[in-house]
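Encoded as structure tokens, the structure appears first; notes follow it.
Going by the order they are written in, the chains are A, B, C, D, E and F; count residues from 1 in each one.
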Amino acid sequence: MNELDQYKIAEEPFYQPQEDEIEMYTAAYMNRMPVMLKGPTGCGKSRFVEYMAYKLDKPLITVACNEDMSASDLVGRFLLDKEGTIWQDGPLAMAARYGGICYLDEVVEARQDTTVVIHPLTDYRRTLPLDKKGELIEAHPDFQLVISYNPGYQNLMKDLKQSTKQRFCGFNFHYPDEKTEAHIIAKESGVNKETAIKLVQVAQRARNLVGHGLDEGISTRLCVYAGQLIADKVNQKSACKIAMVNPITDDLDIVDTLNAAIDTFFE
Amino acid sequence: MNELDQYKIAEEPFYQPQEDEIEMYTAAYMNRMPVMLKGPTGCGKSRFVEYMAYKLDKPLITVACNEDMSASDLVGRFLLDKEGTIWQDGPLAMAARYGGICYLDEVVEARQDTTVVIHPLTDYRRTLPLDKKGELIEAHPDFQLVISYNPGYQNLMKDLKQSTKQRFCGFNFHYPDEKTEAHIIAKESGVNKETAIKLVQVAQRARNLVGHGLDEGISTRLCVYAGQLIADKVNQKSACKIAMVNPITDDLDIVDTLNAAIDTFFE
Amino acid sequence: MNELDQYKIAEEPFYQPQEDEIEMYTAAYMNRMPVMLKGPTGCGKSRFVEYMAYKLDKPLITVACNEDMSASDLVGRFLLDKEGTIWQDGPLAMAARYGGICYLDEVVEARQDTTVVIHPLTDYRRTLPLDKKGELIEAHPDFQLVISYNPGYQNLMKDLKQSTKQRFCGFNFHYPDEKTEAHIIAKESGVNKETAIKLVQVAQRARNLVGHGLDEGISTRLCVYAGQLIADKVNQKSACKIAMVNPITDDLDIVDTLNAAIDTFFE
Amino acid sequence: MNELDQYKIAEEPFYQPQEDEIEMYTAAYMNRMPVMLKGPTGCGKSRFVEYMAYKLDKPLITVACNEDMSASDLVGRFLLDKEGTIWQDGPLAMAARYGGICYLDEVVEARQDTTVVIHPLTDYRRTLPLDKKGELIEAHPDFQLVISYNPGYQNLMKDLKQSTKQRFCGFNFHYPDEKTEAHIIAKESGVNKETAIKLVQVAQRARNLVGHGLDEGISTRLCVYAGQLIADKVNQKSACKIAMVNPITDDLDIVDTLNAAIDTFFE
Amino acid sequence: MNELDQYKIAEEPFYQPQEDEIEMYTAAYMNRMPVMLKGPTGCGKSRFVEYMAYKLDKPLITVACNEDMSASDLVGRFLLDKEGTIWQDGPLAMAARYGGICYLDEVVEARQDTTVVIHPLTDYRRTLPLDKKGELIEAHPDFQLVISYNPGYQNLMKDLKQSTKQRFCGFNFHYPDEKTEAHIIAKESGVNKETAIKLVQVAQRARNLVGHGLDEGISTRLCVYAGQLIADKVNQKSACKIAMVNPITDDLDIVDTLNAAIDTFFE
Amino acid sequence: MNELDQYKIAEEPFYQPQEDEIEMYTAAYMNRMPVMLKGPTGCGKSRFVEYMAYKLDKPLITVACNEDMSASDLVGRFLLDKEGTIWQDGPLAMAARYGGICYLDEVVEARQDTTVVIHPLTDYRRTLPLDKKGELIEAHPDFQLVISYNPGYQNLMKDLKQSTKQRFCGFNFHYPDEKTEAHIIAKESGVNKETAIKLVQVAQRARNLVGHGLDEGISTRLCVYAGQLIADKVNQKSACKIAMVNPITDDLDIVDTLNAAIDTFFE
């Protein structure tokens, strides 16, 4: 299993549980059930799977999906060598062959039809046919497939097919509650609790605007950015605007509303 | 026929017959008639063809069709070797040459026009021209072509051409009846009959919503997932929600309706 | 002419003439006139050209056209060899060079513009320029080009250009008359005359529905399928439904109408 | 100039002049002016350029343009050899380098933007840059560019750009007058004058229907086809229908009208 | 600088100045300012840049832009050699490296986004990153970029981005005034002044029809064509029609109007 | 770190601070926070990042994004060598591996989905998976990612995804105030203050027309161009028109308005 050693998570990632997701994921992994993580940007889906990979002590191979990703990018391809062509496993084949968790991040970005290559790996067959090589991989007993999925994005053109969805159990993720989020921000940025709570309160103002001019609210990550800048002693309002307003919108009305919120909490 | 040995089904797959499909398929195979399996996601089409391949003791080569699949992916291509180019049969050519059942799963996903390469294999000629190699394969006497097809998906852009359809006899598949389905769920997940029946009843609620906000109902496979989690002693309602609600919909009203159904049957 | 020997038709195909098409085709071939075969799916176009190739004792190279077919797939391409690149004739170049009938099946599936490569072969020049190789093939005296074409399919996006059409003489094909068709079905499936006539009558019901919910009627081929199953002693109604109803429609009303027809003729 | 020897026209093509086009084309060639031949399908554009090439004793390189034709197909490309890559001139580069007439048949089929590679060859520069090879070909003094163009086809998507059109002088072609056309048909098919005139009269009926259900009229070529079949002693009406009706339309009303015309003139 | 020697203009091109464009261009070149030449087809943009390159004694590399042109076609690519891959500069890299004027003709034809590769060459950085090679070319002190642009063509799909436009100073070009144009025509075609003026007058009739059925007027180049034919003693009206009417329109009303103008001036 | 030495900025670029952006950027860099620079064309975003790279003494790798840029263009690819294939880092991989600032200029031009490759580099993981090579790069401690973004361009088809935006802190850029801009123009073009102020005043007229027929105003860069020409003693009004009017619009009304402004300030 040397091939996957570099994909082991060396240090325990910080993860703040929301509900019973750790217990449920463990049960799903015990059955090697394919898992779908659903939720908005920056609410901790990627970190959760890293945390679980650490806890279960399994390698984690992450693939950032995109529209240009072909089936070959997942499964593998022939490369030209001085001896002729040699086969190179793609990330999915590697995880299936040597036993690891393969995490397809933002899977809806991949072309709907590329995703069908995961089908034989996600039913009782647990096989991956390498058509081009003429080989049929039987998945390693440790192999599991995990995908992430942002429900706010799906549209007519980009959504998973039902025949794909029905191969997964699904975990819903949300922004953490105020106290938890402030705890995360303080821990990760180095600001004190009080400042962390103010940052959460600004973020919540933005989240209330979702659907009223904002596509998505301010994520925990952006609050941490603001906290990191503030911890470096720069102007607090500037830090908030740079980290929490400028990245998410160009709408002047929204900008004014968010700046007013910042002015309320910071000086 | 060594080339196809790895495609023999080693153990008898569990298959619960619905009607006379085993007898009819056997007759179709005796005439080497091309077969189309029609029905919704997760109702057992793929397993049926595996079962028949086992019973008939023939290798089964499955191809998960997708829009990026070119004719070369089915038929074969030249690879570069240290000696120059060598030909490598694709899955369809391999099955035709050495005698096996070639199963094109979700064939409508393939570009309508890629599918024309199967035409000369599916009429009295039973040949496959390898245009690029300048070879004409006469199909092995054991060769048969099987395709699956989900009628709920076909649309103006993606449907089989009549000239393709008319080369197949067609088998219709449905969800199993309640008792059969509960039997399958209990056997595959390890829950008792009583729990299995409850899971079927939740699934049926969802199936009644098809066309009223749901594209497709809860498949037997998802019921088995829920059963597996329950057999691991996790919270039963959580198990149902994770396995049977979260994967199939993001619509909050549908979610509420299904959760209410779960609350009715589980505690 | 060894290159084309494998394309000779070894046994006389069964062909039931409809009108004077054998005489007319023979005259067209004597003038090496390009020929277009027009008619619905499964009415015998492909078999007719095989029959004529057998009668005229010429090799027949069939190409199943599809949208991904490039001009290179017809004309040829350079392959990489250990000595460098070598040229390989495509099916059209092979037929033109060594003298055979080249049959482009379902030519409208090919991109309109790919078809222009046949132009210099279909007027008084009878040449095929291999631009990539810098060679100009003078067609062999035996060479002839034949295309098939289903008028029911042509639409705004996919139709032959007039400048292509006007290079062919055209033969119209139809379903055979009832007696002829029953004769074909009985001969090919092994059922008796009486059963064969019943199958034709069911087929005719479906053909009357064309344009009223059906895109195309039941072909002779599907009747033969049903006959083959019945000859294997399976349930006659099941055989008819599997072979003649399931493949051609998903419309429940049409299914009911056709099932009623089957119930009328079979028991 | 050996490279182009195979492109010399060996025998004088039969060409029946319509107006002063031979004199005008000769003047255009003397100035090496780029020439555009305009007119409907089958009215003799390709044959005219062959005739002029023969008369001027220049090689003629014909390229059937299509949408998949890239600039490299015209200009040339690197091929892989055992010594590495070697350059191979495309037809346009060959004609420009060694001195010949390059004829781009149906140039509107080529992508509008591919055609810009001809620009530096068609103004006072008379050069062809081979960007990929880093070479600038000065056109040979004998080089001339000719394109053909069917005005009835151009549409919003496919028309030549003005900046391309304005590099050519233009020759208009039409169907020949009745007497000339009958002369051509008799000479090329072997039928007598009387039959040839009847064929022209049928053709003219069809040409009057252009715009009223027919996209294009019956070309002289199709009349010759009918004549050839009739000269082989087959049924005259069948010959006319196969050669002059079936290829050009699927519209039943048009078919009836044309059949009536045939019945009027032939028995 | 041997690499660019073949791109030096050997003879002074004939160029008739319109306003102060020679002085202004010289100043722009002294500052190595990127230059945009704007104006209708055939009004002399390409010749102006050739003239300036001659006057400034700099090599001129012209690229006819088209939609299929990739960034690699401008910048360069790796080619396969017997020693492995070797890098070959594209025309833009060659001009930047060795010092020349790179002229991108009809730049709007190139994909909007291909044009961004010129950005770092057209601001104070004057660099060209060869991403694939990992090299950063500092432009040679003599390097300048020139583009041409026909404002009549730009549409929603094809226009330069403001971030591209704002990197250039712009020179407007028009058809020359009557006297200048007649002088050009007489000099280039060999006709006398009187005939040249008549040709200009016909051209002006057409230019007045722009926007009323004509997309673009008759260019000076077409007047020269007509003059060349007339100088060869062919029929004057035929010469005018072939050179000035047939190429630019298929509209019968426009044809009549222009023919009437020709009949007015020529006999 | 030799690989990146050529990407060090040798001389301090001239940069005129607008607000506290230098301090804030320094804090962001200290936290290796990904940075987004927002603002209109030509307002100094690219120069700011060069200035900061100089001040922080880090190599700067700039990538001009375009729609044809594939993930491989950022991440790297295999090249064919005489020894077989060798891997070559793309600019993003090079910056991540050896430690530099990677600046993706006009990132919205890249396909939305190509940009997902930057995700694992822009959260706490700071890794770049080279899927094709099977390697996972841990970003060098000096690595930082910077992107530029023009809010006026984003549209339905081309905008950054929220899941991308929320990985950056954002800096807003504007045109400098009048005095600052005149200072920049005078310094860069060599004109005196008085002339520089006139040029700014013309530019401001154009900026007021944005949204009323102009997509974008006259950038500082174009004012510098005009200044450079004026410093070369050419006609001042011509210089202004060539540098400040012709490049930005073809609308005759806008041209008149801007020319009037030029006539007001220059003589």
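Criterion: contacts are C-beta pairs under 8 Å (C-beta built on N, C-alpha and C of every residue); 3 or more make two chains touch, one makes a residue touch a chain.
Because the structure is a prediction, the values reported are computed rather than measured.
If you take chain B and chain D together, the chains in touch with both are C. To fit its Cα atoms onto chain F, chain B must turn through 120 degrees, a value rounded to the nearest 5. Computed from the mean C-alpha positions, the centre of chain B lies at a distance of 30 Å from the centre of chain C.
Chain centres here are Cα means. That of chain A falls 59 Å from that of chain D.
Chain C and chain E have Cα centroids lying 51 Å from one another.
Residue numbers of chain F whose C-beta contacts span two or more other chains: 80, 82-83.
Following the touch contacts around the ring from chain D toward chain E yields the chain order D, E, F, A, B, C.
Contacts from chain B toward chain A in the complex involve residues 3, 6-7, 13, 41-42, 46-47, 50, 62-68, 73, 77, 79-83, 88-91, 94, 105-106, 109, 150, 153, 215-216, 218-219, 221-222, 225, 228-229, 232, 234-235, 238-239, 242-243, 245-248, 250. Looking at the complex, you find that chain A touches chain B at residues 20, 23-24, 27-28, 30-31, 33, 36, 38, 70-71, 78, 80, 82-85, 111-114, 116-117, 119-120, 123-125, 129, 131-132, 134, 136, 151, 154, 161-163, 165-172.
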